[in-house]
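Working notes, structure below.
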Amino acid sequence: MELENIAKIDVKRELRSSIPEIVYARGKRKEHLVEVAREIVKKKGYVIVTKCNGEQLALLKKEFPESSFQLRTVEETGTIYVRRSDYEPVKTGGKVGILTGGTADIPIAEEAKLIAECMGCDVYVAYDVGVAGIHRVFKPLVEMVRNGVDVVVVVAGMEGALPSVVSGLVDLPVIGVPTSTGYGMGGVGVGALLTMLQSCSLGVAVVNIDNGVGAGAMAALIANRVAAFRGKRLEGGR
Amino acid sequence: MELENIAKIDVKRELRSSIPEIVYARGKRKEHLVEVAREIVKKKGYVIVTKCNGEQLALLKKEFPESSFQLRTVEETGTIYVRRSDYEPVKTGGKVGILTGGTADIPIAEEAKLIAECMGCDVYVAYDVGVAGIHRVFKPLVEMVRNGVDVVVVVAGMEGALPSVVSGLVDLPVIGVPTSTGYGMGGVGVGALLTMLQSCSLGVAVVNIDNGVGAGAMAALIANRVAAFRGKRLEGGR
Amino acid sequence: MELENIAKIDVKRELRSSIPEIVYARGKRKEHLVEVAREIVKKKGYVIVTKCNGEQLALLKKEFPESSFQLRTVEETGTIYVRRSDYEPVKTGGKVGILTGGTADIPIAEEAKLIAECMGCDVYVAYDVGVAGIHRVFKPLVEMVRNGVDVVVVVAGMEGALPSVVSGLVDLPVIGVPTSTGYGMGGVGVGALLTMLQSCSLGVAVVNIDNGVGAGAMAALIANRVAAFRGKRLEGGR
Amino acid sequence: MELENIAKIDVKRELRSSIPEIVYARGKRKEHLVEVAREIVKKKGYVIVTKCNGEQLALLKKEFPESSFQLRTVEETGTIYVRRSDYEPVKTGGKVGILTGGTADIPIAEEAKLIAECMGCDVYVAYDVGVAGIHRVFKPLVEMVRNGVDVVVVVAGMEGALPSVVSGLVDLPVIGVPTSTGYGMGGVGVGALLTMLQSCSLGVAVVNIDNGVGAGAMAALIANRVAAFRGKRLEGGR
Amino acid sequence: MELENIAKIDVKRELRSSIPEIVYARGKRKEHLVEVAREIVKKKGYVIVTKCNGEQLALLKKEFPESSFQLRTVEETGTIYVRRSDYEPVKTGGKVGILTGGTADIPIAEEAKLIAECMGCDVYVAYDVGVAGIHRVFKPLVEMVRNGVDVVVVVAGMEGALPSVVSGLVDLPVIGVPTSTGYGMGGVGVGALLTMLQSCSLGVAVVNIDNGVGAGAMAALIANRVAAFRGKRLEGGR
Amino acid sequence: MELENIAKIDVKRELRSSIPEIVYARGKRKEHLVEVAREIVKKKGYVIVTKCNGEQLALLKKEFPESSFQLRTVEETGTIYVRRSDYEPVKTGGKVGILTGGTADIPIAEEAKLIAECMGCDVYVAYDVGVAGIHRVFKPLVEMVRNGVDVVVVVAGMEGALPSVVSGLVDLPVIGVPTSTGYGMGGVGVGALLTMLQSCSLGVAVVNIDNGVGAGAMAALIANRVAAFRGKRLEGGR
Amino acid sequence: MELENIAKIDVKRELRSSIPEIVYARGKRKEHLVEVAREIVKKKGYVIVTKCNGEQLALLKKEFPESSFQLRTVEETGTIYVRRSDYEPVKTGGKVGILTGGTADIPIAEEAKLIAECMGCDVYVAYDVGVAGIHRVFKPLVEMVRNGVDVVVVVAGMEGALPSVVSGLVDLPVIGVPTSTGYGMGGVGVGALLTMLQSCSLGVAVVNIDNGVGAGAMAALIANRVAAFRGKRLEGGR
Amino acid sequence: MELENIAKIDVKRELRSSIPEIVYARGKRKEHLVEVAREIVKKKGYVIVTKCNGEQLALLKKEFPESSFQLRTVEETGTIYVRRSDYEPVKTGGKVGILTGGTADIPIAEEAKLIAECMGCDVYVAYDVGVAGIHRVFKPLVEMVRNGVDVVVVVAGMEGALPSVVSGLVDLPVIGVPTSTGYGMGGVGVGALLTMLQSCSLGVAVVNIDNGVGAGAMAALIANRVAAFRGKRLEGGR
């Protein structure tokens, strides 16, 4: 029977080697979550857990005390990164820029930053540079271009217009992340998402509302592919 | 009986004297529409008919030949302004600026312009200055400020971000008009409308999608109130 | 490189001088919020903080005790205005009318009032005059017209029909503010918002659901522009 | 077997005797439609066909020529009423009032009128009395009350606020009919429907967008029940 | 000035005399709510307060102790009826039937019952007779018809199909009340509301989701108008 | 490399042998469509093409003239079944019942019937038995049960309540198919779909709006699995 | 009178004998819920209560202590199954497969499993085999086919693509259950539901979001019908 | 005045040099469109015009005859690429893979291909490899990886699940393009868009429905940045 042959296939995780080990906490029982996290840390040296509620976050912090582990958390989004002291993450040389429209967008940006850094990238950030004072975006953008970023993540709630503006100014792929800030109609991020989907600027793609993790991963995949060749060039150039 | 007393009241149209005579064509039988238009032109010297379909527009043009009447039309939106040669419209001195994000927004802007001018205002326009090339908006905006406009109408489809940007740059009331350009999700103007409702800039209010008539009237009401006192001042100053 | 030149530009806040200093509290960490507020009060003499949750509001009240500061709060919306005793706000002479349909709309109206007053306007209010008893709106409206208001803010939830009715009665710009009162389908303010966007009366523009701040600012911008010339006239007339 | 017993039941149509014979044309093949209509006219003396497209309407007019039949049509809604010359409809004495907000709402009102009259009611109408000029509604409403109407159908598109206003003025059941006039967001009748569902006035129930047939039938059911007793009283009084 | 004349009009509440005194609690400060309720009870002998939260309900119960007042409450919906012992409500002779699809719909039905009874009607109820066991509805419906009800309120959540079925069986006006029971897509009452709006049966009108108050008032308005003439007939018949 | 191994797998179509060859016409260029259809008929003896527009349908009829091929079409849905004269379809013995609420639902029901028959089933139909006259459904349902149907497809537009009612009466799996009949809000089938998703009766699953093809295939899959064992039993019983 | 005859009918529950006794807890007062449950357990030997909140669940556990009753609960969904020790459930021989995309979907799958088992089926499960690692689904699916399952329930949140994939691989009816996992736009299960409704694979029908109960019942109805004949065949084969 | 300084800035188009000259045809008057196109071809050697209607497309073909110009068109989407014979486009070495789920998605894929090729990339395509037969995607994907593509564009309508599956298999950035194929609820591409936004696989970002142009540009921006360094390396390696 054909179907049985298919069942024997096992696509090795290595095919997707650059995507880090991320555990999605929502809906997981807390004991189970801790166990899964412990096992991954043991095997891989680190783990990222996302969308923890307060209780889950507290439990993970208790399980992995700062005395023995390197921790990074984004409290507002319930993201935690745990690393064994003896584990040394690889640096890829990929370069990611991250901008936010307002201060309320920062936690989502921090989530993206955490993921991109875990995937080996250098991350450059500039926060609170939204369209209501459009001139504020120029300076940090120039600096990012100077620093050679390969891709720009733009996190924005409310009217969500910043990715369009940024994409209209630079020749880099832009990843828009709508956030659930805002109020009234379209205020849970829907307005911002639609704005980004409607962008007149070419060179913008989006992830879902508040999906800092997805944006960080997408940006790092792009930057790392560039870096793979930039790196080789440098070596080759010697 | 109390209700009968109420019924005797007749709020004179003069209370709303600055709103021009506008006939909404949609759903009106064509003979009826022409008759209504004819009567208003006879009484008031002019009429504005909005949302005509092709047939209605053709009929009105036939009824009011350019040989005998002054005509202005916005073909794309089905708006037509008819004026008797002997009717001289009043100039109020109100000043309205109108900007559009793209070229596809121009017919709606023209509709707003027509209404504002019929209400006696001077109108200053700058088209195709949207956020995908954000620097293009600076120059016409400065000129409008120099010309002393009292209010700015900003017409934009797609991501609809231009009103936020404009409002963040000048100290004038901004009226956002989302247009039904765009594509895919949020593409019939919904995305642009939500963007404008979500604006982080203070000083933006909106009208419905493609409602150039409403925006023009609102802008003219504002500008004319300013002009009423600006005018008096000048006289008073003499 | 061109982009670098742009980056050097710094559009001075003075261009937008009539918009007051408003801090959006949502999503801000409480220590950070207090610090930002303290700094602005120090520099400007006052601050407005909007969308505070209970904890943030309490903290601000503690930071700025009534013994040393002038405070005004709208508890339901989490709005607070703090003023140093030695700071004297400017009066512009702009005149704003505010109406509400029901009693549940009052907090949003109060928010609009606070902003408009901070921007120097005189504000005239009439609450609970909605369409279910349409005759109640006539009297306060006549008084507002007599008092010379330049613009009318109409706050209404449920069916949200009041702005249309008001706009049909007076020759003034009307700013509609839908509120999230109501129940069932369309009950979080969506029904009211759509009603206002669909208004048959010319001369209505809207802000988003519960956006008292935005309505107050828009109204004050309009009223202050009128007042600028009314004021000069009076002086000039002497 | 129990289910078989149920299957033998035949609830006679007479239980629903006051609802007229209405054929819903949409999706019916034209030959089939004509055949069905012919059969009903033969048996009952009349038929009402609703939601005809142009072709269906033309075919029915050809099948039932005005030389041999009494016809009434509402062209815009594709409604047609056909009556054999020898068929004499019953008059119930029920009294229905119908109001519209604008002129574009008239076809739906006419549809409601046709149904209510076919169900034996006297119908009193007043068109184009919407909230943008709210004073216009007072006079016809007083007349309707004087004429003793038992129920008021209020047809309104755009902001759809008229049913609330009417219900706030009189002590009669009000049936709101939103129409698909309007533009932009909420413009296919959704805004008007939500407005009516949100009504603050007690005594309003609604039917679906453009459902003049349903409103007419509901109104007639109410008026006829009142009339049944009003009639008896008069007889009893003799 | 014309507008001033309008302002002098005061449509007396008596025009709407059959609508009971209902206070909408949501958004009212608790002290204010109690005060308003106290005043109405003093003047009218009773009050109905709707949409109370727990705290408001408790406060009202404390203000109007059962020792001195007649109380009726629907805890789930936050509705309370308070009556002075010396106040004797009028009986109109209007007859209202109320059905529910499930048990979860009962509180909304009770709310409708309370209002209709306060407006003087006799109310007949049958609960939990929904379409999943369609045969259960026949018996209570026959009894209601025998009892001479003038109108049937049908309260249903989930698929909301009961009003259509009932309307297809009897020759009475049916008022559909969708409830916010249900789950998943369309589960907050939207599915039930749409079902009722789409009803193929003629003779159904609807109120908004969970609006038991509105349904009760609408039903009582209808039943009382019938009763007005039925009553007179009986007297006349003697 | 692992991925390459996966790429070599070819899950034979035989695993899905009972699903007939269906070509989805929408978006296919007409020449390409005809070519694909011709090839399948050649190889398999028959083909089903769905969602043809008028032009595509005409072309296919020309390509496969009735003189040489067996044809069945559902004009309204653009479905066509073409069979070579020498091809003899298999009969499985599966039994499917199909009901519709109204006459406008018939084309979708016919589409389901065509697919189920092509998959070898016997199909029993009863049309126009909807909830507005709920008693009409009893008789055909009893007959279907007597005929031993294994599954019932219920096609219904408007309020879409029929599947719930049917599922409450019989012990068979029910597949609900909402249709895009109806009007106003929820009228493109959304109301009917939500109703079915909200069904209180256990034993209902749904397919998308107007998806007669999907419903027919699902029903046939169920019936054929039953028939596989019913058939064997009969043989075994000999 | 005809209607009275209908009212006498009582469709016996036996017609729907294979649907288990399920009590829907939401909206039921707790004392009433316990009483209903107690009565059913007394009469039938068991009861299933769904959608309990925490308090209701605790109360039921106290009423039916594990010392005297067999209990099964799905805590996350508030489902509880209570069985008297002396009650022996029937085994039908129906075979149901259940798959989930992720771990967060497991409670809904467990709910479906509970229902299907209560209806006498054998249930085979495989959890966390979603499309992000599509190869993981092959092996369990082959095993299910080998085990002879008659129908597959596929529970999936997020993008909800698993039912399509499964249906494309096997010749069995697939019941899709979207779950309310996910985030941002479409994240309460709407995205997953739409995906399943849009499935290109023939042989998928869906139930509402998180409706494990409905999916389990539908699957058991199908499997039991197959088993009825499979069982007879085996007997007949002896 | 500060604003004037800003107005003098002119961000040179060169900053966005890799984005090709694209003219959006919708809403442009035909003469204007042709003129704009002519001018760009004159200056740049080529032009891309998107979203042309039939008339616009015909006009452009007439203006730029194949005898004198190189043309490429995607008829279904109204996209046309015009190149002067003497203009030689640059090759960047960027490599883009494009997959579609079905045949109806091909025009959108072709649009993306056209843009990416105009931006200098090599494009590898594989069409009709959707999830209903998931095994079909493996082979072309392996080939794309072997060919060294830098980014994969996945175009899919209906359930839109293909981007998730692809992203779960390879270590490359994936750009999802939902298409407006499909039917019923979610059928204009909304279902597919939500699916992609909900993707559980990390490494997916999306553009709006049917936005082949945007996807092609985003992919080319990514691929070209990679190629910039890959190219240098090769040179450097010599």
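Read from first to last, the chains carry the letters A, B, C, D, E, F, G and H; within each, the first residue is number 1.
By our rule, a contact is a pair of C-beta atoms (placed from the backbone, for glycine too) under 8 Å apart; a residue touches a chain by one contact, two chains touch by 3 or more.
These numbers come from a predicted model, not from an experiment.
Farthest from chain G, judged by the mean position of CA atoms in each chain, is B. The contact pattern of D-F recurs in F-H, the pair among C-D, G-H or F-H where over half of the contact pairs coincide by residue number. Centroid to centroid, with C-alpha atoms defining each point, chain B and chain E lie 45 Å apart.
Distance from the chain B centre to the chain F centre is 53 Å, each centre being the mean of its Cα atoms.
Note on chain placement: the centre of chain C and the centre of chain F lie 58 Å apart, centres being C-alpha means. Residue positions 3, 6, 9-11, 15, 102, 133, 135, 168-170, 183-187, 190, 193, 197-200, 208 of chain E are each in touch with at least two other chains.
Touching chain H in their complex are the following residues of chain F: 1, 3-4, 6-11, 24, 26-28, 32, 51, 178, 180, 189-190, 193, 208-211. Residues 6, 11, 15-19, 22, 135, 150-151, 168-173, 175, 193, 197-199, 202-208, 213-215, 217-218, 221-222, 225-226, 229-230, 232-233, 236-237 of chain F touch chain G in their complex. The touching residues of chain C, counted against chain D in their complex, run 101-102, 130-134, 158-161, 164-165, 167-169, 182-187, 190-192, 194-201. Against chain A, the residues of chain G that register as touching in their complex are 76, 102-105, 107, 133, 135, 138-139, 141-143, 145, 169-170, 181, 183-187.
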